[in-house]
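Paired with subunit B in one complex and with subunit C in the other, subunit A is shared by the two complexes that follow.
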Partner chain A sequence: MEKIAFERPFIKKLSAGMPSKFGMKTEIKPVTHIDDVAVEELIQKYGSPLFVISEKTMRETYQEAYRAFSTRYPKVQFAWSYKTNYLDAVCRVFHQEGSWAEVVSGFEFDKALANGIPGNKILFNGPDKPEEYLKKAIEQKAYIHIDHFDELYTLKQLAATLKTRPRVAIRVNMDVGIYPKWDRFGFNYENGEAWDALNRIMISESFELEGLHAHIGTYMMTTEAYGIAAAKLADLATGLERKYGHVIKYIDMGGGFASKNTLKGAYLPGTDTAPSFDEYAEAITSALINSGIKPENLPMLILETGRALIDDAGYLLGTVIANKRLSSGYRSTIVDVGVNLLFTSFWYEHQISPARPTTQHTEETAVFGPLCMNIDVIRESMVFPLLKTGDRFVISRIGAYNMTQWMQFITLRPNVVMIDPESKVHLIREKESLETIRQQERIPGHLQAKKQ
Partner chain B sequence: MSLRKNIAVSDSGFVFDPSSGESYSLNPIGTEIVKLLQQGRSNEDIIRDLTGKYDVDDATLERYYYDFIGMLKQFNLLENGE
Partner chain C sequence: MKKLKAETLLFLRCTANSYSQVFFSDNLVFAVLLIMVTFFDAFAGFCGLLSVLITNLLARALHFHPETIRKGLLGFNSLLVGLGLGIYFGPGWLFFLILVLASVFTLFISMSLQGVIGKYGLPALSMPFILSLWLVFLATRDFTALGISDRGIYTLNDLYLIGGNRLVALYEWWNSLAIPESLRTYFISLGAIFFQYSVLSGIMIAMGLLYFSRIAFSLSLLGFYAAYLFYHIIGADLNSFNYSYIGFNYILTSIAIGGFFLIPSRASYLWTLFLIPLVAIITISLNKIFLVFGLSIYALPFNLIVLLFLYVLKFRTRVSEGLREVWVQYNQPEKNLYTFINESDRFRYLQYFPFKLPFWGEWTVSQGHDGEYTHKDEWKHAWDFVIQGNDGKTYKKEGENLEDYHCFNKSVTAPGEGVVEEVVDDVHDNPVGEVNLKQNWGNTIVIRHKDGLYSKLSHLKKESATVKPGDRVKEGQVIARVGNSGRSPYPHLHFQLQTTPYIGSATLDYPISYFIRNTGNGYCFCMHQKPARDWQVSNIQLNPLLQKSFRLIPGQHIRCEYTHNHLPHSEEWEINADAYNKSYIHCRETGAKAYFHNDGSLFYFTHYQGKRSGLLYYIYLSFYKIPLGFYKNLKIDDSYPVHFLFSRTQLFLQDFLAPFFMFLGTRYTLEYLEQDDDMSPGSISLKALITTRFLRQPLKRIPVDITLETGGVYRLEIKAKKDKIRATCTVF
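Take a look at the complex of A and B:
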């Protein structure tokens, strides 16, 4: 007699709670392939866990974003935010698409140069620009976005020493009606500090004032805030035009566009709530076009969006280690992907999908990482199919920040591969080994084993 | 090992506990196990039956069987002291 296919026995409490008026489905679709490459095949060849980046998705997302702005405004330039993902292969895809580089440290500055980006296409942001790098930025003709008065005066001294005029912009912070208000970077608009900084720059004649920069926050769910920010920067630009007859070359609206990930505590999924590139573009470009800036002087619009360009292109593949009941009877699934690799699980409800079709039966489960640390929680609670030891899964939308904020903690960082538009797989960062870690360490003589 | 006497189980896998007012749903194999428990069959006995019938190895079945029993206990559906 032929045996019946086995499904684990399962009991589920029925609760007549409040139904969702939006009628969201709990159906879970498997992700078996990424850009036509089988997930199982990728793990067999490159190990588990594994970061996968889709070059096709990157390029399509970039082109969609560029089109949204360039169809509404005459001069648009994107600058790739290195801190979001500075794997060289990733940066080079965006550079090929036409992006400049936006860097926030000396290390990132050097990385951009090594990726073949000339200094005059590098925007140098951030509160910490060591003097040696300011000097380098001046020599390379990079755009230095001044963050505070101490930096302004350091630059002024350097300008005198080097007998050259650094190309600068100032970063402006402002109230755009959102919480939290970011006021730790740059000069404040409302209290007049930004205007004061601009006056000091203009009067000193030590600088080429090229632009104005703002970055109002991160994961901005409202586009109006960008409209307000653009209007305030445009107001400073018209002030400069009126008082000094000086026309700035660019307005840099920074980044902070939301990706389609769902934030913890959000009622609706991010796919339903994140504004589109068109909506952001409409708010920003309308504010600039309707501002007091003369049409012939409209500055170039620079965007440093990172998260919204790369998040969708990144996947993290992994394997189930075990299933376990907690003392309350609640199910938990232990997987080989921890918070050391998936830093964004601290603020996102990441979408996790099985890598092969499953039955319709699901159970509420907590998803724990492999680290022997209580904080290693990927999802506190999610409705998930009944996966067992060895089953593969795919975490989607993880391209932003995870490959820069990851930690070498307890385990080593795994391979990262990129799938090119022809579905060819390329290893772009090799997994770490014990040797990778040990080569940085030095053992003092008295702790070295004596040779027999 | 047996199910509490007053628990009602339908053939379609619907479970009702009159003392708590809670209801539950079972998948087909879950229904089968609960029915066998109602008859007062032992765990070993049930596992032996199921291994012969389903396409599964002993270890996997045992593991999921006891996980299921754990859930029945958790929901307070089994006789006390077992």
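Take a look at the complex of A and C:
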């Protein structure tokens, strides 16, 4: 008989909630395995904390998203948003599935090229595109999404010197009835700035105007906003055709689809409120199909969604360091995962599950990271089973942004592994060592130890 | 001047064809040989030629269809009449008058018969000749001024007059040759067709026949010996058979049925064997009747049986694979057969309406033709489509709500251009698991595509139709959404084709023109197939560069700069369309023509005529079949008619066996390699492989690297053993 795990004694105020048919128990489902690989085994082999990415989930999510759009619209193309997760292995899975690359910096541009993506499958976004990269993008025939007039002028000059017509789109911002309104990227639709930009592009004849781009926000919980955005872009497209006889080749609806994480302050869990790909697809494609664009001129629909494709595939495995009672008497658990690794804990109420079955007894607890900083809070309060030092846990849905926004702060970044569809584990990013950090550093001569 | 030259050429051609047409051929060598044979009796030969000339000249003067004249279809009957008269009568003014009259008369009958029975798709055969000769013979009995020729009777005298002792000796030697009796009769029968009752002429005709067609030659032997055997069995007077030299009836019947009017096959050979005894019986009985009038029956039994059989075949409600009439006559059984083998696969659906799948993206067939649930009996030729998720399920969550089903509320598109015939839009959508048997088909749209060709889409979502009766719809236009109305327990799209406009009409067995099938290991291009259960299918996504590259419009030109074995050449071709709206690329210098077809989704060459080398020939081979969508690594398969890749000598043995077994074969494969840009492709590379095969093993391979570029540029590198060609062709 297996030894029953010890759980600490606790005292808890009896508060009768709504009983379900199972009574009043709080069931916390453990995550013992990820894609048939035991969590304990993973940590034994690769250390704790550990990032785990499920290739199977990635592919399935991608295919689900692709199906949602491609069965509703004749021409659909996804472009993997590099900033969401630019680990090469991750990018390559999406590229293998057929995704292009969407990059927002020179670094990401080079990374996409290094991943074997030709320039003409790279969408170059963002407010900061250095001249040398604009030049590179023009030469590589990438699609440059112009963000502001100054960029337009630079591009025009470059086009003249390089004697080629850059392939461009403009990013359009607009009021789609949501708050906050994103108006810092691209050209505004309502005040005519977008048309101003389009007119200049068409009249200058130094550009190949390929498409229109909008990215209305992030973590959009409403699909109607996409419908409005698509309709406004379609309106620009029909206007271009009417005015210049120019048929654009694509409409890029950007990303911003919500994942199933729960936002802080949300009343209901994200699993219940986040719209599905089908709902986003329905809103976007209906707007395009019902727009004034002629059926034979329907442009390719590009989607740059990142979060919704990768979030579910990422797990962060960790270990309990200690349990501690705060001065208020409130319980706290210190774990080896901090905000340095889990940047998204600033806005998500991450789901943390034990890696082994526990009893139904739980206690409200704060979950703190290991950093010696007051801000290192993973969860301010959560109902958590009674884990003890050395117990493992799994944080789910952390695939997006954490592996790009993580910090080398106080401690080093851990291993990242990917579990392939055959449940084989591959190390895709080795943990950092002192050497990793030190090799970038240079010590001025006068600070170096003098040789005797 | 040019016109005169063309006219002379046409005239020479139609004269020659008037000879070879007796054996359904248009082979020039064969014709020359036959002309020589007719001149064994110089006078008769002259009369024959004269008749041919008179007939064809008159036909031309009367502006009959030039093609009919050119093929010798009018001339050959007159030829036989001329020969018959020439053999029977001696020269004289009256005779020539009768010859001219008889020729004209034959022409009239030929043309009239063509007009009358041609409507039933039947040939006139040699009926005009028989009718004409009978009538002339019956009449001339009263013409005492006509001198009857005795040349045929006193052969030795004639020969002596022509060639002296040596010719007589040669003739004797010929006759003394130890040729088996049956074979001798065979040769004489062959010669008798041209009123030449000698072994030598028979041998020459047999050789010509062998040169012209192996199948026709073997059929001539088959027909003759079948009759020979039959006579033997019934114990009939072999002598009568021998004497009247009407053995050619069996030979001609055999060639006509076995290989000319029908595609040579096991079945056509068997029918030949079966019909020959019938010809024999009719020959004997007709002989009895015509003896009363003192007339020979000539080729009457052949004419009767062949016409009868061909006519009867037209009443078949279903044409079996084995016994098919020749659609396009290439005047050679081999060509007919090889083209048929190839085209029955390639062009069976050429005239079919190009239906596409009525949706976007990849769907799965949940019930195909002859399905296990509802596609039965009159409604068996229908498809049900659903969308499957990664888990193979058609729904997410528990599948309790309509919205859980992947296909629910997805756009339904028009499968082809047409006019909306009927729309039902007010049937409620059933909850999952329930069916509405009262309004069986649920919400339905019927579209008329052609007269007698309708498509029907059923179980649509309530009030989702975006069209109304009378609306014209384009292919791919959204017309409704998938729902769950009618007899539908879970959301799916029912698609069927039918011949009547009603909801509930019986289904029609009809293919989808092109679609892409995801086999799980890759994509394959399906052409005129019927998606089967569990197939994952999607419409072909057209590629703008491929579309532009192969949009060849009559009036355009193609300039080709190429090096052939390192020698530079340059040619200019023209895109033309003939009277039948068939487009072709025409090389004026060589006269070569490559016929092509482009239906918007597929470009393919249908035929090539001209010499079997040179750039256009290789273009024909390399661009043989090109779907106009780019799917990386997609492979296309096809085969050429064997006679387009093998030489006559290589095919010699195959020709004999072809109706039964093909040991030589050909193969065309095309692979899509790269495209430089997905959005606006500027260059696409393809690789074609042309292979000849022996017993399915490759014999010779010709790889061709193809690059298509914007501006209608084709770059080809052909690496045949003998021909190394690097070409750049530009359409302008």
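Simple rule for what comes next: the second predicted complex is superposed on the first by the 433 of 452 C-alpha atoms of A that agree within 3 Å, B and C clash if a C-alpha of one lies under 4 Å from a C-alpha of the other, contacts with A are read in each partner's own complex, and residues count from 1 in each chain.
Note that a contact is a pair of C-beta atoms (placed from the backbone, for glycine too) under 8 Å apart; a residue touches a chain by one contact, two chains touch by 3 or more.
Quantities reported herein were computed from a predicted structural model and do not represent experimental measurements.
Undergrad: Applying the touch criterion given at the start, work out whether A:Arg184 contacts subunit B, subunit C, both or neither, answering first, second, both or neither.
TA: In the superposition, A:Arg184 contacts neither subunit B nor subunit C.
Undergrad: Based on the superposed arrangement, let me know which partner A:Gly329 touches: subunit B (first), subunit C (second), both, or neither?
TA: A:Gly329: touches subunit B, not subunit C.
Undergrad: Return first, second, both or neither, reflecting whether A:Gln63 touches subunit B, subunit C, both chains, or no partner chain.
TA: In the superposition, A:Gln63 contacts subunit C only.
Undergrad: Once chain A of both complexes is superposed, is A:His361 in touch with subunit B (first), subunit C (second), both, or neither?
TA: In the superposed model, A:His361 contacts subunit B only, not subunit C.
Undergrad: With both complexes overlaid on chain A, does A:Lys163 touch subunit B (first), subunit C (second), both or neither?
TA: Once the two structures are laid over each other on A, A:Lys163 reaches no partner at all.
Undergrad: Does subunit C touch more residues of subunit A than subunit B does, or is it the other way round?
TA: C
Undergrad: I'd like to know which partner A:Pro9 touches here: subunit B for first, subunit C for second, both or neither.
TA: After superposing on A, A:Pro9 lies in contact with subunit B but is clear of subunit C.
Undergrad: Using the touch definition from the top, say if A:His446 reaches subunit B (first), subunit C (second), both or neither.
TA: neither
Undergrad: Give me the intersection of subunit A's contacts with subunit B and its contacts with subunit C, in residue numbers.
TA: none
Undergrad: With touch defined as at the start, can you tell me which subunit A residues reach subunit C in the complex?
TA: My answer: residues 60, 63-64, 67, 70-75, 77, 100, 120-121, 141, 143, 210, 249-250, 276, 278, 282, 285, 289, 295-296, 300.
Undergrad: Could you pull out which subunit B residues touch subunit A in their complex?
TA: Touch list, subunit B to subunit A: 15, 22-30, 32-34, 53-56, 60-61, 64-65, 67-68, 70-72, 74-75.
Undergrad: Under the stated contact criterion, what part of subunit C meets subunit A in this complex?
TA: Residues in contact with subunit A: 359-363, 387, 389-390, 396, 406-407, 409-411, 474, 476-478, 541, 676-680.
Undergrad: Taking the complex as given, what residues does subunit A use to touch subunit B?
TA: Touching subunit B: residues 3-14, 323, 325, 328-329, 361, 388 of subunit A.
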